[in-house]
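Take this structure first; my questions come after.
Per-chain numbering from 1; labels A, B, C, D, E and F assigned in written order.
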Amino acid sequence: MKVALIPGSFDPFHNGHLAVVRLAARHFDKVVVAAVRNPGKEPLFSLEDRELMLKECLEEFDNVTSRSFSGLVVELAGEIRATAIVKGLRAVSDLENELQMAQMNYRMSGIDTLFVPATSSESFLASKYLKEFARGGRVAELASMVPPPVARRLQEIYGPGSDKEGSS
Amino acid sequence: MKVALIPGSFDPFHNGHLAVVRLAARHFDKVVVAAVRNPGKEPLFSLEDRELMLKECLEEFDNVTSRSFSGLVVELAGEIRATAIVKGLRAVSDLENELQMAQMNYRMSGIDTLFVPATSSESFLASKYLKEFARGGRVAELASMVPPPVARRLQEIYGPGSDKEGSS
Amino acid sequence: MKVALIPGSFDPFHNGHLAVVRLAARHFDKVVVAAVRNPGKEPLFSLEDRELMLKECLEEFDNVTSRSFSGLVVELAGEIRATAIVKGLRAVSDLENELQMAQMNYRMSGIDTLFVPATSSESFLASKYLKEFARGGRVAELASMVPPPVARRLQEIYGPGSDKEGSS
Amino acid sequence: MKVALIPGSFDPFHNGHLAVVRLAARHFDKVVVAAVRNPGKEPLFSLEDRELMLKECLEEFDNVTSRSFSGLVVELAGEIRATAIVKGLRAVSDLENELQMAQMNYRMSGIDTLFVPATSSESFLASKYLKEFARGGRVAELASMVPPPVARRLQEIYGPGSDKEGSS
Amino acid sequence: MKVALIPGSFDPFHNGHLAVVRLAARHFDKVVVAAVRNPGKEPLFSLEDRELMLKECLEEFDNVTSRSFSGLVVELAGEIRATAIVKGLRAVSDLENELQMAQMNYRMSGIDTLFVPATSSESFLASKYLKEFARGGRVAELASMVPPPVARRLQEIYGPGSDKEGSS
Amino acid sequence: MKVALIPGSFDPFHNGHLAVVRLAARHFDKVVVAAVRNPGKEPLFSLEDRELMLKECLEEFDNVTSRSFSGLVVELAGEIRATAIVKGLRAVSDLENELQMAQMNYRMSGIDTLFVPATSSESFLASKYLKEFARGGRVAELASMVPPPVARRLQEIYGPGSDKEGSS
């Protein structure tokens, strides 16, 4: 059985991420999407919140499950018996880090990494810019860039009337 | 009327930035240069100081004004009725972030971003290296890389005899 | 009056090019789109054909005209009194060539080059791949990537029943 | 059944290509490696020679077959019922072309492209440099960079005593 | 006498760094490797520890010495009368920062920077990933990527039974 | 004795090349600059012409000689007992080709390649654009970008009144 692990901070999960999952779901028997801690960055959503949203966003897929994880990606890959790590590639600057990480992971545990291209209509999406707009209170315009469960949660936490409105 | 908004942290404003402003001033009726907060980086100069230096550095232009701003760039663009955001491009690594930000800003508010190339003699200038040398007390050598008002202020704050001398 | 010159081989003109023209038309009083010879590449369409298609594709714009040209871009810029050259930027590898060319053109004739970002949905479009598919006879699928006048002409020359069908 | 198509000019097939095939053979039920014409480049080996060498180089794999092809890659993908195109990624400049081609192929025929990273020890291998050295008669040193069948053939055609020795 | 200065944070020093030193030792009469503070990053090893490991790792070279330093690289270059700064280049994203830094250092003090390519088998090595695995307790697998003195120290501090085990 | 080989097509030799030679002359006992054939490109100047101009351009240096060469660079390196190949790096797209070539040359003959950064004021210079302008008859403006002997020769061959004027 071919099992893909798709790790990421998913803070928040957006339509570009969803396109990667959709593609992987066509080529693997099973796909596990894992929200991991990204130490050193102030998160928009807690790891628990991100895990919850992942679950809602991925309900439509029969062969996709989601979870969160706090250790090294290669350890999670071993635990779930992943046959490959799958990562999306959006741009050139992604590539170099990803090639180095892929080599390290292979050297550490023998696991392969496969890359899938971002679809062009989502290639500009990057969580860091979504965060910036969310913190600036512009959540309504973000609704077309994220799945509905994320849009709702952004609205609750960062939308008009929320506690954090205008706090950035 | 064509109005360009040039946002940046300008910490400090240097000759590469000045070249971008000079070029924009030739192609737009009015140019607004705005110093914005760059959260997550320890600034060399306070936002107030940067605004003050911008004003002095841009006095020579009839159609350029300057200010500071704390919110999202698209909000400032709306407020000043900018017809375009203008950014300088120095290098490849600038480009990918800028393309993503340009797409986000267009999607959020319909505003276009135009890019201008760094002139070759200034293409190596990056505020982060200027900061490093200023903090190391090497302000005299920086004088050829920044406009005179910035050189003077660097001298006052980081030069020999200043409070911060040798503090980095 | 602000006049933009948009030079290119436009072999063929596609929706990514059209997006660049549309953006420039919003920021300049007048835009001239010029098909230029690209020596050393076997063209899909003759320069005359390309000029003709440009004219049809750009009819919708009040402030855009088109033409062909055989000399240096800086000479055309002088002839039409362009105030800037405008180029689309799709990707990193475009950038370095464009920055060098922009510097050369500035040094040769004092003209500025401004860059506009490819819109994300068209950022994958490159004439070289369109050519390859046209030569392979796959013209029907190209219709969504080029303006209607180009789609019609591709159909006539490379479509089923044409002389060149299957010739590549 | 998951079927990968790995297209390339393979002129010549080298150890970097072999690493891509080996990786794909682990993740797909069946892999088809296809030597395609690369119009506009003077080949080192004829398409027939390249097909023959591919066959010898890939004998060790149970689930890998090879062939040559003269049309569009998407047509071959349809013909062999490939579920994905697989390409190796060595470097940044590969990526942009590959992302554009992947998008075009998806738009033309709905087929996905997956990328696999070059292993670090082979990441410097590029057919164009192998060609240059072969044409310069330095075939002995190339033996560690290509599979044995290619090394033998290089020796026969470009080695000492061959007709083409020193001809470049 | 030609003296090369190789500055870096070396946190930790790995086989890619060692390859740079080995190459420089062939082309310069004397090489000084200096561990410098990298403000803004949480180090894996203290500057003292890094200096100590450098010394052990570089014992094999007759013409290489090591030290630590806290100021600007150009100041150290002056102090040791370096005739050039030498840096390793692994990838494209390294290059742009390095070109800018090289220009700044030249403008500040007239010193040249020479670059040497990472050898392909080490080109994926980056201290940031080594750190991540060390903090995750995977020190045994790192032994093939670092010189023995670093492997031993990683084992002592981050290996099984150490205080910091599992703390990341 | 440290001997650097600087190979290139030098068609034509320009101020960016001169900056690389000047830098190498400071760090090596002897520098050999070699004009090599660049098959597959229509040259602006014959190899003999290029060799002649090199000689005139490099007269000012005591430790620099020049020549032409038709074989592989590694063979020339062996013949002149070069201790290193030296190449200039202008931009990111240069780097990847150069890293691959450096690895190939090292694997083929054990020779190291060192890179030197283009100085910023010359970083936009690329022979291909100089060629284009020369063929377009714009030789007067090129005089500030090439050494005087090249400027004179460009004037003779491509300037007003020359046979080739306006021929491109």
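The rule is simple: contacts are C-beta pairs under 8 Å (C-beta built on N, C-alpha and C of every residue); 3 or more make two chains touch, one makes a residue touch a chain.
Quick caveat, the model's predicted, so the values are computed rather than measured.
If you take subunit C and subunit F together, the chains in touch with both are B, D.
Shared residue numbers account for over half of those found at the interface formed by subunit E and subunit F, and the copies are therefore classed as meeting with the same residues. Across the two interfaces under comparison, D-E and D-F, the one joined by more C-beta contacts turns out to be D-F. The mean-CA centres of subunit A and subunit E are about 33 angstrom from one another, to the nearest whole unit. Touching two or more other chains at once are residues 91-93, 96, 99, 103, 120, 124 of subunit F. All chain pairs that count as touching, in label order, are A-B, A-C, A-D, A-E, B-C, B-E, B-F, C-D, C-F, D-E, D-F, E-F.
Interface residues of subunit F, counted against subunit D in their complex, comprise 39, 71-72, 74-75, 92-93, 96-97, 99-101, 103-104, 107-109. Every residue of subunit E that touches subunit F in the complex is listed here, in rising order: 2, 23, 26-27, 83-84, 89, 92, 95-96, 98-99, 102-103, 106, 112-120.
Across the complex, subunit B meets subunit F through its residues 91-92, 120-124. Contact residues on subunit F toward subunit C in their complex (touch as defined above): 91-93, 124-126, 129, 132-133, 136, 138, 141, 144-145, 168.
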